[in-house]
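Just so it is clear, A, B, C and D label the chains in written order, and each chain counts residues from 1 on its own.
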Amino acid sequence: MSADFRSDNVAPIAPEILAAIAAANADSASAYGDDPWTEGLAAKFSALFEREVFVFPVATGTASNALALSAVTPPWGVIFCHAQAHIRVDECGAPEFFSGGARVLGLAGTDGKLTAGELAAAIAAAAPHGAHNMQPAAVSLSQSTEVGRVYSVADIVALARVTHDAGLRLHMDGARIANAVAALKVPIADLTWRAGVDILSFGATKNGAMAAEAVVCFDEATAATFAFRRKRAGQLFSKMRFVSAQLDAYLNGGLWLRNAARANAMAARLAKGLAPLPGVSLLVPADANEVFARLPEPMSFALLAHGFRFHPWDHAFGPGAVRLVTAFSTRESDVDGFIAAARAER
Amino acid sequence: MSADFRSDNVAPIAPEILAAIAAANADSASAYGDDPWTEGLAAKFSALFEREVFVFPVATGTASNALALSAVTPPWGVIFCHAQAHIRVDECGAPEFFSGGARVLGLAGTDGKLTAGELAAAIAAAAPHGAHNMQPAAVSLSQSTEVGRVYSVADIVALARVTHDAGLRLHMDGARIANAVAALKVPIADLTWRAGVDILSFGATKNGAMAAEAVVCFDEATAATFAFRRKRAGQLFSKMRFVSAQLDAYLNGGLWLRNAARANAMAARLAKGLAPLPGVSLLVPADANEVFARLPEPMSFALLAHGFRFHPWDHAFGPGAVRLVTAFSTRESDVDGFIAAARAER
Amino acid sequence: MSADFRSDNVAPIAPEILAAIAAANADSASAYGDDPWTEGLAAKFSALFEREVFVFPVATGTASNALALSAVTPPWGVIFCHAQAHIRVDECGAPEFFSGGARVLGLAGTDGKLTAGELAAAIAAAAPHGAHNMQPAAVSLSQSTEVGRVYSVADIVALARVTHDAGLRLHMDGARIANAVAALKVPIADLTWRAGVDILSFGATKNGAMAAEAVVCFDEATAATFAFRRKRAGQLFSKMRFVSAQLDAYLNGGLWLRNAARANAMAARLAKGLAPLPGVSLLVPADANEVFARLPEPMSFALLAHGFRFHPWDHAFGPGAVRLVTAFSTRESDVDGFIAAARAER
Amino acid sequence: MSADFRSDNVAPIAPEILAAIAAANADSASAYGDDPWTEGLAAKFSALFEREVFVFPVATGTASNALALSAVTPPWGVIFCHAQAHIRVDECGAPEFFSGGARVLGLAGTDGKLTAGELAAAIAAAAPHGAHNMQPAAVSLSQSTEVGRVYSVADIVALARVTHDAGLRLHMDGARIANAVAALKVPIADLTWRAGVDILSFGATKNGAMAAEAVVCFDEATAATFAFRRKRAGQLFSKMRFVSAQLDAYLNGGLWLRNAARANAMAARLAKGLAPLPGVSLLVPADANEVFARLPEPMSFALLAHGFRFHPWDHAFGPGAVRLVTAFSTRESDVDGFIAAARAER
């Protein structure tokens, strides 16, 4: 096996999580979430977030995001996000579908990050003519961003202030929130509700789960109708214990953070190894588990020929750009082998 | 552990399927279905159905049904089904949601089965005033039915004729189709496309999978847009291999049929053991893996006190009625123990 | 011209209303409702209803009903109504569309009227399994009913109590509410908000307008988002003054009630004249402006041959049944001519 | 009365159309479009378009556009239009609502016009990742554009080629198509179906109707389901004759074109009179019935003080910009008075 840097989605299931699925399989269990694994999640997530939260396991990031967004926008609402946001470009209109027709509006911003000023301006400009216009309703941040950077606590606080001052709600697409927490080394509470996040898509699949995400609501009113939204979206699993057991194992003993830290460390190692190579330039600081770099064309070809796998990213960064994603399962030897092969090709 | 007859949803994962998940975990794999497990399903399902079919793995029965129905009705369509149909009473409006507002109309019928005559009459009566009325669009059959009976090939042929003569499309909710095939001992092709079914929700979760269903389209035009429907519904899994590996293992070596035959045999054994007991009456012939019986109240209480688990079903059959569902994992000793305990209580 | 009893929809525009349209045409006026006609409606409707109300002019009964219902049900809600209700059988799924997928559930009931007992039972039975079921959300009453009867104040109070006790909202389809008010001779406030109605479709088109209805909200929270609902449904008219001028004229000097009283009187005269004829039977008491009768077949044929126009109603009442609808424009000579012709045919 | 240049929506009903409404009021008539006025429209529109067309009267421009678009995009489709397009910025999400969640994507372009090159590039870039992306489905052109320019036949042919080569459908928002036809002096067929337009929102309200628009379908397959779309959207009028009579009168004797020519001439007169004034600059050539100009601030104030009415348009063109819209009802004296007052203020 050669290292596969295409995405953290290509990674396997973390052994602890696969073991948890197997362990949950010993006997019969109540269906549809009336099982001990699911019922235990409320306490576990509340402990993690240092307050009472309302947690809804689902199975894909798209479902998690679209359901969460549908809870914070009316059908005539506008959801502001970065132009590169996954919810805008990679979910085939799921937010529009789940919300009943809301609009996902992409804003510019360096490194996949919204800025408070641009957000405020966009909200202010969005509905000059009352009922003739779709109404600003929500803001969605990707943490970490689509290019592997992280919003600091201060960034989020500033964006939350703009969001709330305008009467909007703040969603965080946390498909890679574990990587952001690992990078920033702050409590997840500080990066979410304490900073002003109203609803969170808490990802686990990219960081070791098989298929498990959680929508975390920080207010009871939003949570009150969520069970209906989830069921009618086909995300209430009959054998829910196997989704919940993944999340349970993911939180146990800090696996989520350990996995993310490992992935981040591998990305840092990759960036550090690549940076000094002739003809190579790093395109974005590798805050989390993604490295964006420009490689000489022969180097890319040679690496692919060696069996290393990664995606070109020229659509965003121009010719020669590639994306390298690390995961909990990335080994030091994968990274070192990649760098060695790259060095050999200079 | 005492026997749990509440539902086949309470059953664990079949060992072959759990092993398949583990086996699929050896290495990295392409995300979103570009993996060998998913790519192999087309051939496997086509072999099973004795013709080319288009197969779309999803993860819940509700998603499977709602997506399939959305592909065969416009938003102003009427979907005819039995009044007890899962799509009508147990999916929180998922068919309405996925279709954009279609109507699910419940018809009467013994044993959860539609009859050709009543269906024809209902279709004929549905839209007397042209554009003022929602338009008949689809018919949905549950196989096996919500009370554990099965439609024969002739039943389906007759219903399909009514459906197609009126220009409608025929959907089969096959959450328990394996049990029906095992009961009828005919090729699944005979019960589906050869009999006139246009689109099938092929269930696996109740019969041994962890969370895996497949929408099987029998025509290419319907299949052409299905990938978009699935993605925007949040049912395209990033680590799709683990859904597909379940379906792969489910088909391998006839596991699906073997599991269903076992569940059916256990239901038959249960029915046979209960029938002669004083005060007990069977309410519906146990064609598949469900037994509906009326038990004396003290008998029910005693069984529950022994730790046996099952649901009352008085809402459908009146006082004293219970539902007993068997699964692939039901043991002869579970059944025999239940009967012995019941007999002891007479 | 022979009398046309097919519907009150076949009637022309009342001269006062046509004159009002012409009068509103003298000059330019602000678009989209920022005009004196529209702005004056709040005060006029508030006076009519003896309290502050929030009024939204629209142009069709279907839009009025579907918009109103969308404001009182979530997409996963159940709307309870009579099986014959216009919203269920004659609007091609508009309530489903506008609500984003709610279900319209028809209940039985004599004379097109729901009864408190049956409604309570239906609500109680609707959602036994929590998030698995669509949730009871609203009740819709047609006043007058689809067969020309009226709910008394006491009827509505009783139904409102059941509705509110269950946490639901009460909608009234008042396409013919003027006829009901004229029949009952009570203030419209007593038949609506004082009795517990939360939102009203106040019809005018059938009773003399060209194309004008009003959604009347009795609470500010529901009204708060209504402008967005209306605009995105294509019901905010650029030359709104001409819709509002119709409603203005309709209220002026009690035209609405005078027109309805006239229509009712003509129906009563028709019923009184027909009742004694041999072979004729009245099928429903003619409370408002509709007469349902069974006529001997030769009598129906002869009347049609004379040029009288009316619809058979056998789908509801069996062979020989007809519906005769009177309007503000029905003349005594129309009625007397009809009776004379019928009498000649006995 | 001083001249009102705020919009063509502030204009009254053309006398010929008001007379037609009154004329249609003589007697009873079949409801819901089974009347001679409505039935006659097919032939009249087919004659106008020099081929068989399928015509559906509705009552607002928003309904016309949103219904037409819903017929040419799936819920997961992308509709490309100019960033200023009415469907994108002024309809509160109606296209999203009617289509079930499609996306309206705004492109840049001088004078409110799309260019073939930019359109082709946008379509090509829209869906690089298959089912992960919303799918290009339709293109919508505003004719005349939101800033009063017109697409030439060659423009439309070029855009239609790009549209059809990519498998998309072409919609034209013809809220002001009469003004474009009057400007270009070509048959409307040349500007629509002969140039490649698949479906047209044919506006009448801004050009003299009270509330009447027509969706014109150029292919039977799209038309086949339109009646259902219209009904469930609340746009099938019970007294449809009064909508259709407006359209009938609008076409009779070329009223539509005469009215538009008059409005255009008044805009040209306004532009010609303003252009030479010191400090005044015209911002866009006045092809149709809209003039965009920058006026010295004192001049704007003085004109408003004189009672002339018009809107600032600084959001699009910066400080000092105003929009002046003429209509069929604009008099030469309105224009000349405006120019004289402006000249007096220089």
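Heads up, the rule we're going with is that a contact is a pair of C-beta atoms (placed from the backbone, for glycine too) under 8 Å apart; a residue touches a chain by one contact, two chains touch by 3 or more.
None of these values were measured; they are calculated from a predicted model.
Of all residue numbers that take part in the contact between chain B and chain C, over half occur on both sides, making this a same-residue interface.
Look at the CA centroids: the one farthest from the centroid of chain D belongs to B.
Inter-chain spacing, taken between the CA centroids of chain A and chain C, is 51 Å.
Put simply, the C-alpha centre of chain B and that of chain C have 43 angstrom between them. Averaging Cα coordinates per chain places chain A and chain B 34 Å apart. Residues of chain D in contact with two or more other chains: 32, 75-76, 91-93, 96-97, 100-101, 131-132, 134-135, 228, 231-232, 236.
Interface residues of chain D, counted against chain B in their complex, comprise 32, 74-76, 100-101, 130-132, 134-135, 225, 227-232, 236. By the touch criterion given at the top, residues 1, 4, 6-7, 9-13, 18, 21-22, 25-32, 58-64, 66-67, 91-94, 96-98, 205-206, 210-211, 228, 231-239, 242-243, 309, 329 of chain C touch chain D in their complex. By the touch criterion stated above, chain C contacts chain B in their complex at residues 75-76, 89-93, 96-97, 99-104, 125, 128-129, 131-135, 315.
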